[in-house]
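Okay, handing you the structure first.
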Amino acid sequence: MTHATLLAAAGEITSTSTGEAAVFWILAPIAVLAAVGMVLVRSAVHCALLLVANLFCVAVFYMVQQAPFLGFVQIIVYAGAIMVLFLFVLMLVGVDSSDSLVETIRGQRLGAAIFGLGFAGLLVFPIGSAIDGGSAKGLDKANEGGNVQAIGRLLFSNYVFVFEAISALLVVAAIGTMVLGHREREGGRVGQREWMRRRFTEPGRQVTPLPGPGVFARHDSADTLGLLPGGGRASGIGGIPGIPETAEEPGVTDLPGGRAASDTPDTPGAPGTPGVSDGPGSAGPGGPPGSRGPDRPDRPDRPGGTTPGAPVPPAPTDGAAADGGAGGAEPVDVNGSALAGAGKGDER
Amino acid sequence: MRVDPVLLAATEPGGQPIHYAAASGVFSLSWLVIVLPLAGAAVLLLGGRRTDRVGHIIGTLAAAASFVLGLVLFATLLGRDGDDRALSQHLYSWIPVNGFQVDVGLLVDQLSIVFVLLITGVGTLIHIYSIGYMAHDPNRRKFFAYMNLFLASMLLLVLGNNFLSLYAGWELVGLSSYLLIKFWEDRPAAATAANKAFYMNRVGDVGLALAIMFMFATVGSTSYADVFGAAAAGVIGYGTLTAIALLLLLGACGKSGQFPLQAWLPDAMEGPTPISALIHAATMVTAGVYLIVRAGPIFDGTQAARTVVVIIGAATILIGCVIGCAYDDIKKVLAYSTVSQIGYMFLAVGLGPAGYALGIMHLVAHGFFKAGLFLGAGSVIHGMDDDQDLRHYGGLWRYMPITWVTFGLGYLAIIGFPGLSGFFTKDRIIETAFDKGGTSGYLLGSIALLGAGITAFYMTRLFLMTFHGKPRWSSEGPAAKHPHESPVSMTGPMVVLAVGSVFAGGLFVLGHSLQDWLEPVAGTGVEGVHTFSPVVLTLLTLVVTAGGFAGAYLRYQMRPVESVARPDTEVSLVTFAARHDLFANTFNETVAMRPGQYLTRFLVWLDLVGIDGLVRGSAAAIGGLSGRMRRLQTGFVRSYALSMLGGAVLVVGALLLVRAG
Amino acid sequence: MNTVPWLTILLIVPAAAAVVVAALPRRHATLAKQLTLAVTLAVLVLAVIATFAYDPDKAGFQFGQSYDWISTFGISYSVGADGISLVLMLLAALLVPVVVLSSWNEVDGEAAGGGRVPAPTAVPDRGTPGGSAGGAGPAVDVEGIGPVGGAGGAGGAGGVGGGAGGATAVLAAPAPARPVTFPPVETRGEAETPGRRSVPAFFALLLALEAGMIGVFAATDVFLFYVFFEAMLIPMYFLIGSYGPVKEQAQRSYAAVKFLVYSLFGGLLMLAAVIGLYVVSADNLGHGTFDFATLRQMEITPGVQKLLFLGFFVAFAIKAPLFPFHTWLPDAGAQSPTGGAVLLVGVLDKVGTFGLIRYCIPLFPDAADYFAPMVLGLAVVGIFYGALLAIGQRDMKRLVAYTSLAHFGFIALGVFAFTSQAGTGAVLYMVNHGLSTGLLFLVVGFLVARRGTRDVGAYGGLAKVTPLLAGVFLLAGLSSLALPGTNSFVSEFLVLVGTFTANKPLAIVATCGIVLAAIYVLYLYQRTMTGPIVHPENKVLHDLSLREKLVVAPIVALIVALGVYPKPLLDIITPTVTATYADIGKSDPAPTHPAAAHPVATQPGGHS
Amino acid sequence: MNPANYLILSALLFTIGTVGVLVRRNAIVVFMSIELMLNAVNLTLVTFSRINGTLDGQIMAFFVMVVAAAEVVIGLAIILSIFRTRRSASVDDVNLLKY
């Protein structure tokens, strides 16, 4: 579709409200469903995709409402650029992470439901009763000579200062992002030699190449449990220090080092690795970090029964983090709740 | 501001205006009478230890100078016409606030000059006496300063030409009295007694203050001229007049130690003896009598108040007499004697114009003999190393002859020995009481008569136990006593006062000299029908007195006196009660002091726990509430978001409601 | 002479001096003292000159000045003096140099004393666990608070107090530059102990307080008044919180916060009323204004009047304080440094009573009339309540503070009796109370400085050791119990006689209060000055020093002088008070049987 | 068809977005929910623009989009930097600022 035809289509739809109604009644449920799905679905990636769907629907609504410029901007900027940015960050954070949908704040869901329904009711019913759409003036006159041109005229006349301010905002946002994203380098530039030296000297570093996709055991060592293809885990092997075969606390049954979840390379963890077994994780539930860890009777178990993350105190610095799985797909939210619980317990 | 205070006038009942002539000539210096001792006090107090060595001289000179000036005023007054002897001097405007105009002004008239002479005269004598009596006290300068202050205050009291000046003097003599009672401050008893005196005086002062307020509210002025003018003109309602009179009486009772405010006076004997003589016998305590006489026009208008005066006087006579019989402390006996003698004066002035002059006469005579008695007692105490217990005396006449003689004269005067001052003045009071007529006249007269008898009894007891009988002290051993006659500076005044005690009464009564002198102020009593002929009554009085004397003589001279009083458990109920001031202190403590203490304690508790507790409680409640509400701040962004949404719902809902409504 | 902007000068001089003194480094303590004394004396001289320049017979405000400040809201810098405010400014100007002189060594001395006390024992007597926060410097434990230390409920408030007190210590200190003479390490170490107090800051606070006090009396713009009303709190807060008794960190913080919270609460109500006044004026006049002279001409509907009156009244009743709002006063009085207590009770609290007669009555005549019985009742209750509590106190400063409660009862009684005598008496009472209670606080302060405790039981028999001190103490007490010949008598009698003409029963009851006055004064004197000396420490106390004599001399002289000849002050006060009551249509009740009928008599009463 | 339907739709979307913010813990998803809300608002703006016959609503929506873009950029940067230190993208983990 060319620009012109789209514009024409927009005009037509306005005039023939049956067409518009058809579009609306088809797309509106989709938009709502996509939105609801976005809220409900567990995987963040799915969320993003559902949002994109929603954005597309809305873009179409823009177009049918004689705002083709906005409709395209919506598709290009929103559905395109911004959502890509979202996905990007999602990847950085961990693409596999799915949210636990178990609520940890008491009454949050109930409140959200009540207030949400109330809010919707308050918004919807008055609108439904108050606004008489028949009196819509339509934008035919305003869009004379083209929607883009009309918007441009307005933008550079009435709204020029706002426009400038907004552009300044964009610049500031760009700079701000750089500032936020910047990490001060500690020490001098690290050369290749140094990198290699570190790879072998620093404890917990992966020396061998990481396994390829589909390989679920990263180590062939006995203390590292593999993740079974079905998502379950291999049974623990007794006698290995730091791995209790049976523990009362489901949350601390497995140590991070023993998880077969794929570690991102920058994860230093793996305290369960022999030779570094004096790491915090190996101390088990009674160890120093355990003083926070076990204190979580309210901790939600994973619905799927998958490995929960070990309770580990939030490490202030990168390298000290004992949670090997933090960078992995699953442990993110579990860790999160663990941390939340830990934080709470601490405060009490 | 008042421009010309020179001519103050009041209307007499007959409509005859009497003028308070403007003070001129020597009278324009009458303020010096007050200022001289005041200056003495100021110099001594401000001069500090520098004036230690000359303190007594300055003090005495100031008093003497005041006395001399008083004499000059008196002499000049004598030279004037009888109706022209009231002179008013306006000094300056003291409290001018619109309708409330109070000046500091002086009124020199027949009444006040009598008091001036009494105060400064006796005062000077006692100053002289104190030079010797206080010779060894390190704070003698302060003592004289306070005495001077007292003289100034007392003179202000009697010389002021309005009630507020009188009130000022009234409270200031209370202050001087307080200062002097607690002169030996390190004795807790003295400090307590001083406080008690001040408190009870303040109760009386409330009455006086309220009376003044009543006057202002009624007459719009507090000056004698205006108030008496209105009172005499009969424009003030009877009720108001009675109220004013009763309030004045309350003040008088407080100051003069009359029932029901008599309890402080005996305690005040904790002060040095000269003070007891000057303030608590001769001058200050008689201020109540002065007040009633001065406010005669008010009392004249209200029979009810006058009846109360008479009742109080009569009651006090008996109370003083009865308790006086029981005490063994020489000064306390004298103190209760004072109480009862002032009761006589109250009785007299309560009888109306007929008694005013009699009251004053008895007052002056009492000033002489009671001061003399106290000084004598002081001399005895001085000689007995500050022992005040009668039971430790005995046979002292041999060792202190001058004291014996002067004390004896005073003693004879007070019991009304024929020819001595008490005989004349007291006799007349009894006579007038009977003359009042009716049952009440008989009753009052009988009480006065009975009082005379009891007075004779306890004074004889005092005298005999002190100077006669076997000595109940020893000149050896650890408690050795060496009684000795006092120095001339002490005996001199005693002699003078003894002479006064002997002759004052006769001087005043015979030929009605004082009565005539006071007549313009006090009015004349109508010579009513005598209930008894004066001769009969005199004889009757003498018989009763002799009876009292005989009783005491038989009991305390013919029989040996124990040197230790019998314990309370072995004495009769009457004696027990008398020894305990007829339970006046017990009464005061039960009715006023203890409830007051409990109330105070309760209020302290209430303030701390109740009112402040309310405040602190609310603070704590807020603190606790915020401690709970703090928990809402969970740190979870989503909770905050939820509350934001809630707020939004509320706002939108409210908007819709408002719009819909 | 009337063109000279006296009030602005009086206001600016101490304010500027406060800034200068505050900027002085700590080591220039002596300079700070001398400078402060010089400035305050200069202010006194200026105030006296201004008093002479004042013409009592002229109606309205004099020395008036007015400049727009926030013209949008009709707020202006307006000052002016009438008879009432002038004498109070005079009182303030008089008391501040006295206080400066009396506090000459107080801060240094305590600093030395505090320095010697090891930090952990600085708060030794806190009963509650975790109480000793001395080591942590100004921080104060939450639990152990309050002079009564009881009622667990007090914890919250005390915690606030403690925290703020800590802030106080920090805040009061920084004004002077970090001392250069001390090695940095030592400075840091010493700053932790509560005893190290800045001398220049103390005197700067006094100067600031003086400026605030003069400002609050001088303001003729209601909003300006409010600003000064609140501004005064700040220096006082620091004076109590930072310069109170060294060893009673928690109590003084508690007292300071209590004082502040009470005052702010009242101030808040007043602010609401002030704004309400503005709104009403906007409704009535078309344009809102805060100008007092304009506002008092305004007719306000009775209902609104009542609300606004209550707003002002509660603020003033807290400030004064009147009976149920008083509990901050004993704490503040006891925990202030001596000079602070003198100014607090002597002048600061007068703002309350001043506000009653200056603002409450002329602005809201109907409401004043309506609420008068309530106020009179509170006043009379206060007279007795304060007196009885004073009798029951063992802490001398608290005792004096409670006596003030009784005196404020008298003042309020006079103000709301609506007769010119009572009103004049009340205003005169404000001055006299400043003098007599000020002197009483000073003398008690001297005692406490010598002996280190406020407990009455620690004294006794001092008259023998320190006769001059005892004498001054007695004189102050006598003035407090309104003995004729002292200043207070004139005012108290005026109040009573004025009240009597308007309301006999009330006056009769109130008059009975003078007996209690005698009891609390003389009972205190008896316990401290008379009797044998039971505590050997008391045998070596020294009598008044030359500096102390200089401190008390002017007050003693004034107490006597004003008792004997109060006319100059009365002449200044009477016209203003009379006009105030005339304005609201109150006149003195005429005597029932006036002596005026008489040909020659004193001025007839009841003509005003 | 009544353009008010768009408004109702946008109200629903907005509410869903709000609920999403409230119930989701993953910061990124929360962000998406916010985007959803912004979109709902934009839809309103556009609809009103149409109803009123002026383009101001569209301009406003345009600005909202730009601001949203800036916000997303900054917000994601913040999420990243938090993630770096705390290894978590859960909004519940960032709860140190509390009583």
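Descriptive notes on the structure:
So that you can tell them apart, the chains are marked A, B, C and D in the order they are listed, and the count of residues begins at 1 in each.
The rule is simple: a residue touches a chain if its C-beta (ideal position, glycine included) is under 8 Å from a C-beta of that chain, and two chains touch if they have at least 3 such contacts.
Quantities reported herein were computed from a predicted structural model and do not represent experimental measurements.
Centrality annotation: C (chain centre taken as mean Cα position, compared with the mean over all protein Cα atoms).
Of all chains, the one whose CA centroid is most distant from that of subunit A is B. Separating the centre of subunit A from that of subunit B, both taken as means of CA atoms, is a distance of 99 Å.
Separation between the centroids of subunit B and subunit D, computed from CA atoms only, is 94 Å. Between the Cα centres of subunit C and subunit D there is a gap of 59 Å. One inter-chain figure worth recording: subunit A and subunit C are separated by 65 Å, centre to centre, where each centre is the mean of the chain's CA atoms. Under the contact definition stated at the top, the residues of subunit A that touch 2 or more other chains are 105, 108, 111-112, 116, 119, 123. Residue positions of subunit D touching 2 or more other chains, listed in rising order: 18, 22-23, 25, 92, 95-96.
Contact of a single residue of subunit C with at least two other chains is seen at no position.
The full set of touching chain pairs reads A-B, A-D, B-C, B-D.
Of all the residues in subunit B, the ones that touch subunit D in their complex are 630-631, 633-638, 641-642, 645.
Residue ranges of subunit A in contact with subunit D, taken from their complex: 14, 17-18, 20-21, 24, 28, 31-32, 35-36, 38-39, 44, 47-48, 51, 54-55, 58, 61-62, 65-67, 69-70, 73-74, 77-78, 81-82, 85-86, 89-90, 92-93, 97, 99-100, 103-105, 108-109, 111-113, 116-117, 119-120, 123-124, 127-128, 131-139, 141-143, 147, 150-151, 154-155, 158-159, 162, 166, 169-170, 172-174, 176-177, 180-181, 183, 314-318, 321, 323, 326-327, 332-333, 335-337, 339-340, 343. Residues of subunit B touching subunit C in their complex: 2, 5, 7-9, 11, 45, 48, 92-101, 103, 142, 164, 167-172, 175, 178, 182, 185-188, 190-192, 194-195, 198-199, 202-203, 205-206, 209-210, 212-214, 216-221, 223, 225-227, 229-230, 235-237, 240, 596, 599-601, 603-604, 607-609, 611-613, 615-617, 619-624, 626-627. Across the complex, subunit B is touched by residues 146, 148, 151-157, 159-160, 258, 261-262, 324, 326-327, 385, 388-389, 391-393, 420-421, 424-425, 461, 463-464, 467-468, 471, 478, 483-485, 489-490, 493-494, 496-498, 500-501, 504, 507-508, 511-512, 514-515, 518-519, 522-523, 526, 529-533, 565-567, 570-571, 574, 578, 588-608 of subunit C.
Chain contact summary for the complex, subunit B toward subunit A: residues 634, 636, 638-639, 642, 645-646, 648-649, 652-653, 656.
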